[in-house]
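After this come two complexes, each holding subunit A, first together with subunit B and then together with subunit C.
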Partner chain A sequence: MLKFLIWLIVAVALIALPHGLSFSQQEILVFLTINILVVSSYRLLTLTGEWSLAHVVIMGVGAYASALFTKELGLWVPVSMLLGGLTAALIAVILSFPLFRMKGFYFLIGSFAAGEIIRLLWKHFRDPFGGAKGIKGIDPMPDFSIGIYNFDFFEPVSYFYFAGFIVAICLWILWRIERSPVGLTFHAVHWQDKLAEASGVNLRAYRTLAFAVASGFAGIGGALLAHYIGTINPNSFDLDLMVFVLTWAIVGGTGTFYGPILGCVALTILNEVVLRELGFEQMRPLIYGAILICSILFLPKGLESIVQKFTKRRAKQ
Partner chain B sequence: MISKIMAAGLSRRTFLKSTAITAVGASLPSMSLAAGEPIKIGFLAPLTGAVAAWGKPGLDGCEIWAERVNAAGGIELSDGKHPVELVSYDNEYDPAKARTGATQLIREDNVSFIMMLGGDTWPGVQPVADKTGMLFSTLLPSDLSPDSTTLIAPTEVHPIYLVTGVDYLADTYPDAKTAVICAQDDALGLPSVATYLAAFEARDIEVLEEPLLFDPATTDFAPIVTRLMSSNPDIICLDTCYSDYVHPICEQLFQQGYKGKMISATADFYDQMIAKTSKEFMEGFIFQFPDFDDPALAGDNINFEDANGFYEAYAERHPGQWGAVSWEYASIMDLWKAAAEKAGSADPEAVITAMKEGGTGKHAFGDAKWWGTELFGIDNALVGDWPVVVIEDGKAVIKGFKSIPDWYDQHGDLLIKHMQAYDQMYDQRG
Partner chain C sequence: MLDLLAQTGLNAVYAASYISLVAVGLVLIFGVMGVINFAHGELFMAGAYVVVAVYADMHMPFFLAVIVGLLFVGFLGLLMERALFRPLRDNPLGGLVASIGFLMILQSLAVMGFGVRMEFIPPVTQHVIWLSDGISIPLARVYVIVASVLLLSALWYFLKRTRFGWALRASAQDPQAAELQGISIVQTARIAMFIGAGLAGIAGALTAPLISVNPHMGHSVIVTAFIVIIVGGIGSLEGAIIASVVYAFVHTFVTTFYGGVVADITGLALMLLVLIVKPTGLFGSADRA
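Up next is the complex of A and B:
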């Protein structure tokens, strides 16, 4: 009952949240919501011990696929988004054949190369990907009304509700996967790979599964982004954004489900709200970098370790 | 700060207040100003990252412009004089951040006009412009299309002005008959490549290889330069490369012993390029953006007020920072101010109507006409003469002004042919 009440309060707070923010902060909230899905899906991949540098490009696969499904085939936007996620998962499965011949550092570099190949394909094939300029005029979510609320998807509040609903479902699925026997096997693949293999676990199959599922959700994140801003290009999914995703995960910590989310929320608010409002716009990259270094030096287990310390202390009391 | 935001999120008063603002926001933009109240102008461009060289110097120039205007009493509208206030937002050359910035500038800062670099960021802002009717400017007319009626390109006519540099090169060095082109593979590079191809073809200069389009993430230019030099061209064209690319490319050309001609859209911070290479190596480098201390900019044909004084103030405040865009956004502000004063209002629709009245306008480099239907589907680019600039004895010197419309009248079909080949015509983009 208490748990239900807490979730209810959280839901009400999230519904009320955008109304307490300025317009630009509402816009940032939309992007933050999408980024939470991307970084959470990335964590699922890291459960198996592999860190990919192609995750943001895979997110782009979802964005491009969804944009093309609506533009070229005229599919309904929510259907396109779902198909965008499936396309991203399918591409991940294809990529897994060469990539999972490698491990660790080699996988990292291999994933970067794979991502760059995909980005070059977007640039090279102006039809259908739009080349360097990408695709613009992507159909937005069609507006609708539910009686008490009119969803105008140009407005960030409406899109936040829509994206928040989708992301909440995705996070719940990711959570359930992590807590399922499959999720426990992902952990085993990372920490006890020899033992797991000896127990009959197909390591490569589980790594592929984690890669595909994580990519599918990243693809949905990309689709949510594409249909909100209405344009995408190969630079929208470049290494810079990948570095951000890595930074969110590292600063937040990857030991818990909420760690990367904490990192994403804290650093986005710091970067996009606090530093901008303080007038440090041009020093943001410098400050951002300094925070990353300080975090690695002084908080190696991420922000989640602070939460854990606090909750453990309370439990003891 | 964070707690303040979170606390505000749960406050009933804030909830009601923001709901009311949302309702009012539907009728944005609201442009009514009380006499003496500052007119806010938005500056939405990259101030950090690889493209910052085409944003930050522009903001610095605008601040000097605003100080000069405010010192002279401000902008005179029908209800009296108003000082000018600049509000900037760093879009990091990212369409999503540009959208957020446009939203903030229009809905929170109540700006009357927004200046952008354009390019990759414009498609993110276009829906905001459509919904709000806000007047935007771009430095890149290739953003223009019939769908964007509130977007104007009143100063820079990139990439069409590039033809003037090629014309000068062909006239001055008739023996230079072969060229190669390189550019970053993006929204700035591609239309520029198409324009250089047309300009070279118009002057019978053979382009030896397909233009070399490199990834914007490139950091090692040695192999690119090796490949460019491999066909032993008379001319190497650096297209519209960002200064972060022009500098290392020139450095590599110097190190690999290149001896031919060089042409580029820009040579921002060329003093640094000379320091990295040599005065002799950079001698004769052709580009399109003058230093405003040039005596040619004190002529009667120049509409940019006190160009030499503006440069002096800029150089004093930001030594070594003068670049292509240092004066461009300020020049746009000149046109906007004149139109707003003519209309007696800062309302976007009134300003654009006044600005385009008669089909001509006072461009920085002389009187020009609103042009562009064939290329952009809309006459929202102000096109006239453009200077050709050459580095001589370590200093940028204007070698003359050439007419872009005259070139287009003769060779427009070539330009359209190459633009179509690169899918850069307005009806092909996106």
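Up next is the complex of A and C:
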């Protein structure tokens, strides 16, 4: 009962949240919502101990696929978003054949190469990917009304509600996966790979499964992004964004489900809201970089360790 | 046709010489520190901006600027070792993120100091050596090739024939055993960072008049260096040099005949192919993965 009440309060707070923000902050809120899905799906992949540098490109696969499904086949936007996610998962399965021959730093850089190849293919083929200019005029979500609220998807508030709803469902599924026997096996694949293998776990199959599922959700994130901004190009999914996802996860901490989300929210607010509004436009990367270094040096277990300290102390009392 | 092939080959030799300087530095840092230095491309950029400041703006001699570039970036490397990699010795992923933070700092310092536009650097020499009617090489490129051969030979001698070199290789192979033999891990880390960063800096300084110097130039450099050290096998200096030559030739020839994007795809596909066939690179061993 208490748990239900807490979730109700969180939901109401999230629904009220955009009305207290400026227009540009509302737009940041939409991106933040999508990024939370991307970084959470990234955590599912890191559960098996592998750090990929292709995650953002895979997100782009979802975005391109979904955009093309609506543009070329005229599918209904939510359907093509789902298909975008499936396409991303499928590409991940194909990539897993070469990539899972590697581990550690080799995997890190191998995945980077695979991602760059996909990105360069978008750049090279003007048909159907639009070359360096990308795809423009992607159909937005069709407007609709649920009686008490009219969804007008040119408004960031409406899109925040829609994306928030989709992301909440995805996060719930990701959470369930992590708590399921499959999720526990992912942990085992990371920390006790020899033991897991000896007890009959097919390591490679589980690595591939984690990679595919994580990529599928990243693809949905990409599709949500594509139908919001209406235009995508190869540079929307470059190494810079990947570096952000990586740092969100590491600064937040990857020991818990909420760690990466915490990192994403904290660093986005810091970078997009605080530093931008303080007028440090040119010095923004400098300060962001310095904070990154400080947080790695002085908070090696991530922001989640602060929360854990706090909750542990309370549990003792 | 034969002229074009020979000319493209010469261009490839030039590309190989500065790529190998960058890649060898990256491998050296990885070998001794155990961390992938994401800011390595920005160290290259810092070397190029030293030339902008000392040679183009202050009108000092070019070779003085190159030496200053080597020392300045070498000291940046020492700074990174002390401030980032030493405290994060047991946390390679943390070292990676810290170097990303350092990359952002260097990039925005370049933007603040010099602006986002490309810098024009007056050519060091206009002299062009004509080998035949259709084949030529600018003298400025010859400087880069000669410097690269000299520096890499000196490094090879240092690593294989001096006590410091032995210490460095020992601590790269087994830090604990090396420490028990009385080798100071901190000292070898300092030397490796100074040399590794300095090589990137001197590569940037030497090539600065020949390429477009801008705050985001490090990006393509680090991508190339990644490909090269993977193909060569992470941790193998010889592998890095051989892979630099192979990559430079493939990339330059494909660029000449099919265009830049296809060349980039070919380079990356080559690297993936090597990883599929031999997941530790051509000259790498598994224990450092």
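Throughout what follows, the second predicted complex is superposed on the first by the 317 of 317 C-alpha atoms of A that agree within 3 Å, B and C clash if a C-alpha of one lies under 4 Å from a C-alpha of the other, contacts with A are read in each partner's own complex, and residues count from 1 in each chain.
Heads up, the rule we're going with is that contacts are C-beta pairs under 8 Å (C-beta built on N, C-alpha and C of every residue); 3 or more make two chains touch, one makes a residue touch a chain.
Here the structure is a predicted model, which means the values were calculated and not measured.
Colleague: Quick one: subunit B and subunit C on subunit A, clash or fit?
Modeller: Because the two structures are overlaid on the shared chain, the partners are seen to clash.
Colleague: Considering only the touch criterion stated at the top, classify A:T311 as touching first (subunit B), second (subunit C), both, or neither.
Modeller: A:T311 sits against neither subunit B nor subunit C.
Colleague: Going by the contact rule set out at the top, does A:I293 touch subunit B (first), subunit C (second), both, or neither?
Modeller: Touch partner of A:I293: subunit C, not subunit B.
Colleague: Between subunit B and subunit C, point out the one touching more subunit A residues.
Modeller: Between subunit B and subunit C, the winner on subunit A residue contacts is B.
Colleague: Applying the document's definition of touch, where does A:K103 land relative to subunit B and subunit C: first, second, both, or neither?
Modeller: Only subunit C; A:K103 stays clear of subunit B.
Colleague: Where does A:Q282 make contact in the superposed view: on subunit B (first), on subunit C (second), on both, or on neither?
Modeller: Both: A:Q282 reaches subunit B and subunit C.
Colleague: For A:V251, decide between first (touching subunit B), second (touching subunit C), both and neither.
Modeller: In the superposition, A:V251 touches subunit C alone.
Colleague: Should A:K123 be classified as contacting the first partner (subunit B), the second (subunit C), both, or neither?
Modeller: A:K123 contacts both subunit B and subunit C.
Colleague: Tell me the contact category for A:S199 with respect to subunit B and subunit C: first, second, both or neither.
Modeller: Touch status of A:S199: no partner.
Colleague: Is A:N150 in contact with subunit B, with subunit C, with both, or with neither (first, second, both, neither)?
Modeller: In the superposed model, A:N150 contacts neither subunit B nor subunit C.
Colleague: Quick one: classify A:S180 as touching subunit B (first), subunit C (second), both or neither.
Modeller: Neither: A:S180 stays clear of subunit B and subunit C.
Colleague: After the overlay on chain A, which stretch of subunit C ends up in the same space as subunit B: 116-124, 152-160, 188-196 or 242-250?
Modeller: 116-124
Colleague: On subunit A, which stretch or stretches are contacted by subunit B in one complex as well as by subunit C in the other?
Modeller: 120, 123, 239, 282, 284-285
Colleague: Give every residue of subunit C touching subunit A within the complex, in rising order.
Modeller: Checking each residue of subunit C against subunit A gives 36, 38, 83-84, 87-88, 91, 93-94, 97-98, 100-105, 107-109, 111-112, 219, 223, 226-227, 230, 234, 261-262, 264-265, 268-269, 271-272, 275-276, 279-281, 289.
Colleague: Spell out the residues on subunit A that touch subunit B in their complex, using ranges where they run on.
Modeller: Those residues of subunit A that touch subunit B are 13, 16-25, 27-28, 31, 120, 123, 126, 130-137, 140, 154-157, 225, 229-233, 235-236, 238-239, 269, 272-274, 276-277, 281-282, 284-285.
Colleague: Flag every residue of subunit A that touches subunit C in the complex, lowest number first.
Modeller: Those in contact with subunit C are residues 51, 98, 101-106, 108-110, 112-114, 116-117, 120-121, 123-124, 239, 243, 246-247, 250-251, 282-286, 288-293, 296-297, 300.
Colleague: What residues of subunit B sit close enough to touch subunit A in their complex?
Modeller: 1-2, 5, 8-11, 14-15, 18-19, 22, 25, 47-49, 56, 88-90, 93-96, 99-101, 103-104, 107-108, 120, 123-124, 126-127, 131, 185-187, 189-190, 213, 215-217, 423, 429-430
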